[in-house]
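The structures considered in this document are given below.
Next, two complexes with subunit A in common: one pairs it with subunit B, the other with subunit C.
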Partner chain A sequence: MRVIWAMARVVILELIRRKDFYVLFTLAAVLTLLAGSVNIFNDRQIARYVVEINYLLVMISSLVIAVTTTARQIPNEFEQRTLLSLLAKPVSKGQVLAGKYLGAWVACGLCLVVFYVFMMLLTYTKQHGLGVPLLFQAAWLHWVMLGVVIGLALAGSLVFAAPSSNATICLVVVVGWLGVGRYLDKLAFGTAEPLQSVLLALYYLLPHLEFFDLRELLIHHWPPVKWGAVAIATLYGWFYMALLYALSCWLFQRKRMH
Partner chain B sequence: MNAQGEKVIEVENLVVEYPARDGKGAPVRAVDGLNLSVQRGEVFGFLGPNGAGKTTTMQVLLGFLPPTSGSARLFGTDVHQPIARQRLGYLPEMTYYYKFLTAEELLLFYADLFQLPREVAVRRMDELLKLVELDHVRRRLIRTYSKGMQQRVGLAQALINDPDLLILDEPTSGLDPLGRMKVRDIIQRLKNAGKTVLFSSHELGEVELVCDRVAILHKGRLRAVGAVKDLLGQYQMNLEQVFLHLVGYAEKEEAACG
Partner chain C sequence: MVRPFFIMGLLASAAFALAATLGGMGWSATLMTGGRDNFSTVFLGETRRLLANHFFIKADAYFHGGYYPSVFDNQSAYQTAHFVEDAGHAESKNEGDEHDFLGKPRNFLDRFGRNFYPSEHIHLGDESEHRHEHHGEEREILPWMRLAATLDPENPVTYAATAYWLRRMNKVKEAEQFLREGLRHLPGDPQILFELGQIHRDANNDFEKARNLWEAALRRWDEREAPKEEPNVFLLNQILAQLAKLEEETGRTSQALKYLQRLKTISPYPESIEQWMARLRNSTDQNK
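This part shows the complex of A and B:
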């Protein structure tokens, strides 16, 4: 565990010291704070709309940070030839991947903490309410969702040589899946075989990222979700994280080191 | 077997083949039935022209590359097991390390990978930074270091775990005469401390000064192995002449066989 955590710390340090991360982070923070200062006719509907836009901004920013941070981890190790020095130590490829995975996930978690603190302030000023339990549930499940996305990006980084290609494909898949994936079963029943079976297989096999998205509840001040449901969603997310980690290990074992 | 006679490196019938570049034709045999052993406390030189199979053999020993057939062991443990590298230090030919880390952070990171106790890691780091004369820049990012400084960081990371076996790939490549003398001095100190050193080099004059035994490879095959003084005595030439004689002789032999 110490080995894995050492590698995770390096991932977090890299993210903290990268300028592009600060640009994205600062942009998201400034836009959120600006939105928080806007007050149009004291209209609650507009206030709710502003909050909705900001949650969308947080979602997009977090996905971009998660995918871009992860997509370059292994390719950079190959490109900068730091991988050989790493694997010459008594560490296995599985530990390297686990460290990268954990590091990217924790780094995203730290970003989410800051984003959700901003959102907490924004919601308090705009909607004069602060549903802390629901906010915590939303942040937690958002983090679990990012864990699944990071797993996808990590596996993709072992298939696609260029981090940019991997990042683009991952983002398109994730955004597409968030938007369309939940309706695939309905779409399937309107099509003929074999497409119907393919769509249904995709619907049941791929992770349902919409399970982790509690934005609508936050925006409309709904009560918190049952904690049992949060626990099940967490286990569901961890299952896919484990699956994607295992896939990444399999791909890494087959990858030539030079 | 007493400690002095312990086999630190054992290579038996090692064969490494790469697929043909264009995917057609016979695979390329980079190492062809290599048998080699290195005893504890030896400084062992690994010589050969470019493409002889030295780097491939080292990559097998480091566990980066699986052999096509044959076996390789470090301290009696198969090289594929990460624990085989617990007592190993490796300095690659081209030193690439995480440029966003400082020398201090890099050494402590590698110490964590060896799971060294914290106080031991800090003490080793302090000693090594003084040894490689980087103590005054230990908190600067590695990206600000010159090539020579990066090479010295490389040497420090190779020694962080006080290894019993050091594998050096062209350790004096790119160094000025003073730098080369310092590396020779460090190798001599390691030898005096009972460590084993395996290094590849094209600087045959240095090999002749430092090594106890050498192996000369050509096109994946072992052409000669033995104590430096025995080889010099046998051929009545300096090491460079012995090398050229063996390599040239091998090429004539192959040309004659068609």
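This part shows the complex of A and C:
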């Protein structure tokens, strides 16, 4: 575990040193504050559109950070020729991947804390204080979702040659899946075989990322989700994280080191 | 040494050319449209109407606290925006159960997924089982209406419905200003004149001004809507009903009867109009 944590720390430090997060956070904050400063019919209490814009920016920023941070981990090790010397030490391929995975996930979690604290402060200034339990649930499930996305990007980094292509494909898949994943079974019933079976198989097999997106509840001031449902969604997310980690290990084992 | 100056000169020329092109485009567009167009009109063209429609629907989704059908759901109960319908500015084309567009859960994933998005029908401002509404939450639809009006300033429903909700929130001055902005884009529009009349009747208790505005709305309706293949009869219904009610309240029974006579020919409930007329005639006879 010490070895894994040591490698995870390197990934976290790398994110802290890079400018990605600072740029995205500043951009999100400036755009949100600009949107919030608009005078709409002299009503200072209108707040939900600001939360929506902020949530959208947080979602985009977090996905970009998660995917780009993860996508470059393994290719960088190859490029800088540090992977072989790393593996020459008593470190297994599985530990390398676990370290990278954990590091990227924890780093994204730290970013989310900053984003959500900003969101909370913002809504309090607009006299529209978000309920802390729902905000916590939204942030937690968001983090679990990023765990699944990181798993996908990690597996992708062992398949695709360049980090840029991996990042692009991952982002397209994740955004598309967030948009239509929930309705894929409905779409399937309107199509002919064999497409119907393919769509239904995808619906049941791929992770339902919409379980981790509490946007509508957060924006429209709904009560918190039942804690039991949050726990099940967390286990569901962890299951897919484990599955993607296993897939990455299998891909890494088969990958040529030279 | 010469190279940086050369690059700076090139960039300055490019900036000047770009500014001249963009300025020219804006200028010619302004000339073509009589100076009524703004930035969005010049640069977005017809796309702005699509975007305006998107934000209009967004306002309705906000009105439902996020409980709103997507393109994949059954939308039959959401053909007419509910916040416009409640404001009395559109005839409902909605069919089916607005409370249950989701239907029964299709499978275990669908059932579980409903924990994570709104799955109860509400209207902002109403109390519901799971939510405690705060007074004036209807205000949350306003940013999207404002945006819709900016992108498509030629849709009278946007102005009229927004003014209704502003009026409900005791923002009479803002409602009137918004309607006047609408009249600048759509001079003499009967729907906007009608809503303006409502403000003067309900909020300002200025019956005389309300009458003048509604009479102007009626004249404009006859000029603009009557020749159309599918005129907005719903609006005519409202104008005539409000005029008749106003004349009744101010004791001008013969005028009221004149409006009711016309209303009877277009109303979906001619019997109730007939009863109204009979009641008016009776009260006039008793007074004599």
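The rule is short, and it goes like this: the second predicted complex is superposed on the first by the 240 of 258 C-alpha atoms of A that agree within 3 Å, B and C clash if a C-alpha of one lies under 4 Å from a C-alpha of the other, contacts with A are read in each partner's own complex, and residues count from 1 in each chain.
One rule holds for everything that comes next: a contact is a pair of C-beta atoms (placed from the backbone, for glycine too) under 8 Å apart; a residue touches a chain by one contact, two chains touch by 3 or more.
Computed from a prediction, not measured in an experiment: that's the story for all the values here.
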Partner chain(s) touched by A:P90 [first = subunit B, second = subunit C, both, neither]: first
Subunit B versus subunit C as contact partner of A:K226, first or second or both or neither: second
Touched partner set for A:T26, first subunit B, second subunit C, both or neither: neither
Which superposed partner A:R2 touches (first subunit B, second subunit C, both, neither): first
First, second, both or neither for A:T82, with subunit B first and subunit C second: first
Subunit B versus subunit C as contact partner of A:F211, first or second or both or neither: second
Subunit A: partner with more touched residues, subunit B or subunit C: C
Which of subunit B and subunit C A:Y203 touches, first, second, both or neither: second
Partner chain(s) touched by A:K186 [first = subunit B, second = subunit C, both, neither]: second
Set intersection of subunit A contacts, subunit C complex versus subunit B complex: none
Interfacial residue positions of subunit C with respect to subunit A in the complex: 62, 65-66, 70, 72, 106-107, 109-110, 112-113, 115-118, 130-131, 136, 139-140, 142-144, 146, 166, 169, 171, 174, 178
For the subunit A and subunit B complex, residues of the former touching the latter: 2-3, 5-7, 9-10, 13-14, 17-18, 80-82, 84-92, 95, 257-258
Residues of subunit B touching subunit A in the complex: 59, 62-65, 82-86, 88, 90, 92, 94, 96-101, 105, 109-110, 112-115, 154, 157, 167
Subunit C partner contacts - residues on subunit A that touch it in the complex: 38, 40-43, 45-49, 141, 180, 182-183, 185-187, 203-204, 208, 210-214, 216-217, 219-223, 225-226, 229, 232-233
